[in-house]
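Okay, handing you the structure first.
Letters are used for the chains, namely A, B, C and D, taken in the order the chains are written, and counting of residues starts over at 1 for each.
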């Protein structure tokens, strides 16, 4: 079943499936993501974050919008520019900042580096560096859901660059052949490190979906409600047996690949053009139009981050003895738990309002 | 107890688990309708259906990666590589995703990867490999390698019950050649070594197909009392049993079929040279395949795989040290 | 540049670029392939061929037609059902039979098994088992040709099953991004071992070519002249800077995957239907219509195989001491040499007739 | 002679080769316009053009596979893995296609794979690996690991001139920390070991980043005369030099940064235990990273990587044996 690529919400009208509280929530999470990453960048410059540091500045809508469409029982593999997804599932800012600083209270307890984490209790698997390995893990989750006849789906993000690797293909093909309930979110931010997309592919990879037998959708990746809406539809399709969806969220990496990268290779005009499409400002405008006090929200978020930073900084580093523990699981294998799913639509589904 | 071949023992373990545990799922190329390249899953698709005995696309990375995904949401996937050699195509998912998951995220990955391995039948460079050392060098992966039918079944049960990724090295040359009594039902063979034959003058340490070679080569060695230690598990490695044999026998020959450099045998030798040094009464002798691809033509293949003669000679020489 | 999938010569009219001598040559090579493989199968049953044995019965047109379009300076990665390609490049039947039997005079001198060979002096690289690894090797050859500005191309075959693996994708994508002079011949013989194509992909993989930015062509894989013609066009495109081509040759694996496989999983009607389309008989009919003495040709071929068998059986096995030699190259690295290219079109190009 | 960092020495070798030999071609992710993740190829794209300093798609299997194809038609491709860890994604092409080609077909594959490896800077489990043992175990691949600037350049030249696939292990921690005199022009460092400091009471055998650790740890060890042998090449392994050091020093500590089991150090230990046994005057002591993924957080990482203290302690203990 090869279907055509469709465009949803290129007009930026917003989603009809969101209550005002949802729209506020989305903005809040985007503000949190941006604020935490800005804070982290300054902690990094102060030498408090070891290793390297990556952020998702300018791409907040992609992770926030997609994760918001996921139910508690769904499962997520979250990539390196998708911090909002962790927040939506319920990881606290203090744990994230602890994670970045390699503290004991971080999500991986200092075992792994900044963005390589996932809270298994909240239904998330942390990425490995090898891109896009997690596409196969998500595909396997979806396979299990289909085998067991469960109405759940798996979702994963990945970048434009990682579409060049074999695992992209193996995942897309497998998901297509078995018509699995999986949502692939391609975060096309125009670059893979320094490499522009025209050196990564000759044709926009969303076109490949049809060749794998499923739906490909292009969406404005800087419009959080459009991303939400596309993902909500993809999830509906997935859990009702309609197979996978490839969503291409078109966006722009507004910072360097990592903290050390000055992005000299990006034409200035390209950055300027995309700055006008800032996803946070866009959602702010929407909410101001609805009469919501965005400045108060911003202040709340900043206060939350301040508190989280203090908490994280006060936490201890892991103990050296700990380094040798836990290579193997010695107890029972516990599967992933359920995450938070703040979208009001899920409460309505369960008859709660 | 029933008498079974090594291959039947493996089939029997898989069948018992499929019957006992709805979470168990087999994935691999041609394992369904066809019953697998070696017929290990013959008839399974009929009994358990194509969903639980899944014919996958030709894609090893996907097989391992999807198994990981299924495992972390509660399944117990068992992957078959059609030949162990093809693990090179799924290597990244195995070592980087599965192997490093629990340490990083406290998330267990209960998968088993079955790896029909080893040479001896003109399989050539790509159907004869013994890749176990690659997994031993990658943290977070258990590795077992049975040499008897009973252990094939027991180790496979234990591997399936284990909450960690386990590489199950099943030697193709043993499939139909090795027969033995196998207990009924589900039982676990521990991931520890086993004294295949006790002795006191010298110990031959081996695993997988090389255990039989070791036993046969030393059956009658000018009256010497030769112990044969079957490692059974490579990760965890039963260091206590190894050091104990060395302490009792003082002389050691280590036999493995993999290419010599950085093989399992190298690790065993290094362990003994470090922690069993005082017990040694002679050099630690290794017999392994030299560092060449396994050639196809029988005279060439015979020249590189460790055979009875090479083991016998190594033992004789060491005994007279 | 995404182009549509086209069909050439589905009508079986034959190629206008072939002289009578070429058409005879093609039949001759197909007869040789079939005859050698039949002989090998009986040698296998007699225990004279160690290991396993694979053949390309019913698919002779795919390798013969494609290889015939390749010039001496072109380079080939030949797969396991493509014996005719070796013959066309100039590997003698005796060396092939010696190869199968693991003799010293075999192409790999007993180092590697039956179909895993290539004569480097004739511009061919022998396959590894891992499918479809050779697609990347061919892509790399083409990359070198483009970098050096040479009018040459690389060609490789691969099966329907191996389109599921990551290396397929990495090769297709790379070739598309860099517009390389490479011809990919997908030998769709309906099965990968026991697995039918509907478990390998949801959509015919020839459709993927467009998503990689190049031309995909479907051709009747049982018509040697149609395969030749599609490959000739693809080669023209490649060497004149038009980029890669994916040719899907639709055919049927008429024997088991290997000697041990009774093919019970294939419906009888499917085999019967394809038997009527036998590629050798088809070319024979064409030549008979041209008044050519096909029976004489058959006899010649049989005599040649008899002689080759005798020669091969008389040759020694490799010496055991030889097993340790040659893991590393100790002299100069010698690149691949040129192969034979019997098509009359190449002689005409060079002003020879 | 110019004084250069280890990184500058590598750049210099690449630049010299690009200038001298039109067949040389660099391939990798972000090596062109950006000059590479570590800036090894900074400015190269301007001097040599994007065709010879090629920004590739993110696809390690393709990088290695295409390099093989280019090599067999006469090019001399040098591939950069952005981090050594990513070789897992190109592992199959490297070990099965490149490594086994010459033995099977007498077809040489002159490629170099540059592998920025090692830890020590909070790179975490996927930016700190030392995968050399995987290549050592795979027949047909040479492996070198320089510890000084001069050797970094000389070994890289030799690797590029070598007709075989060579894995060039460049340790990230040495890039800017190690400086030294480097001869001008193109010269080859042989694939043999080098005595970094002669001694007679004990030899520490190391390679790559561990050579400096060994030198520093044993600089002043209660007056003992400690030799440090820098292996430089792992395949071929300079067995004669190793056995010679052991014969002279009688006591051996082997240090490598890779995970302990089946590491390069295990092979060296096994070699000595077999063929240098009679010269030994004490157990063969190994210092390596335990079998855990390299953790990110500094106290954890320090706890697992072999450091001065662990090496010193190991030597002290052995000296007093």
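Following the convention adopted for this analysis, contacts are C-beta pairs under 8 Å (C-beta built on N, C-alpha and C of every residue); 3 or more make two chains touch, one makes a residue touch a chain.
A quick note: this is a predicted structure, and the numbers were derived from the prediction, not measured.
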| item | value |
| --- | --- |
| Shortest chain-hopping distance from chain B out to chain C | 1 |
| Far-end chain from chain A, centres as C-alpha averages | C |
| Mean-CA-position distance for chain D and chain A (Å) | 37 |
| Whole-Å separation of chain centres (CA-atom averages), chain B against chain D | 30 |
| Chain centre separation in whole Å, for chain C relative to chain A (CA means) | 45 |
| Geometric centre distance via CA averages, chain B-chain A, whole Å | 40 |
| Multi-partner residues of chain B (each touching 2 or more other chains) | 56-57, 59, 61-62, 85, 88-89, 92, 96, 100, 103-104, 125-126, 139-140, 291-293, 295 |
| Set of chain C residues in contact with two or more other chains | 108, 111-112, 116, 128-130, 164-167, 170, 173-174, 177, 199-201, 327 |
| Chain-level touch network, classified as line, ring, star, complete or other | complete |
| Chain A - residues contacting chain D, complex | 50-52, 102-103, 106, 108, 110-113, 116, 128-131, 161-162, 164-167, 192-195, 199-201, 265, 317-324, 327 |
| Residues of chain B touching chain A in the complex | 25, 51-52, 56-57, 59, 61-62, 64-75, 77, 92-93, 96-97, 100-110, 139-140, 142, 163-164 |
| Complex contact set, residues of chain D against chain A | 29-30, 33-34, 37, 55-62, 83, 85-86, 88-89, 121-127, 290-293, 295-304 |
| List of chain D residues in touch with chain B within their complex | 85, 88-89, 91-92, 95-96, 99-100, 103-104, 125-126, 133-134, 136-140, 235, 237, 258-259, 261-267, 269-270, 272-275, 277-278, 280, 282-286, 291-293, 295 |
| Chain C residues within the chain A interface of the complex | 1-2, 163-170, 173-174, 176-177, 179, 198-203, 205, 207-208, 210-214 |
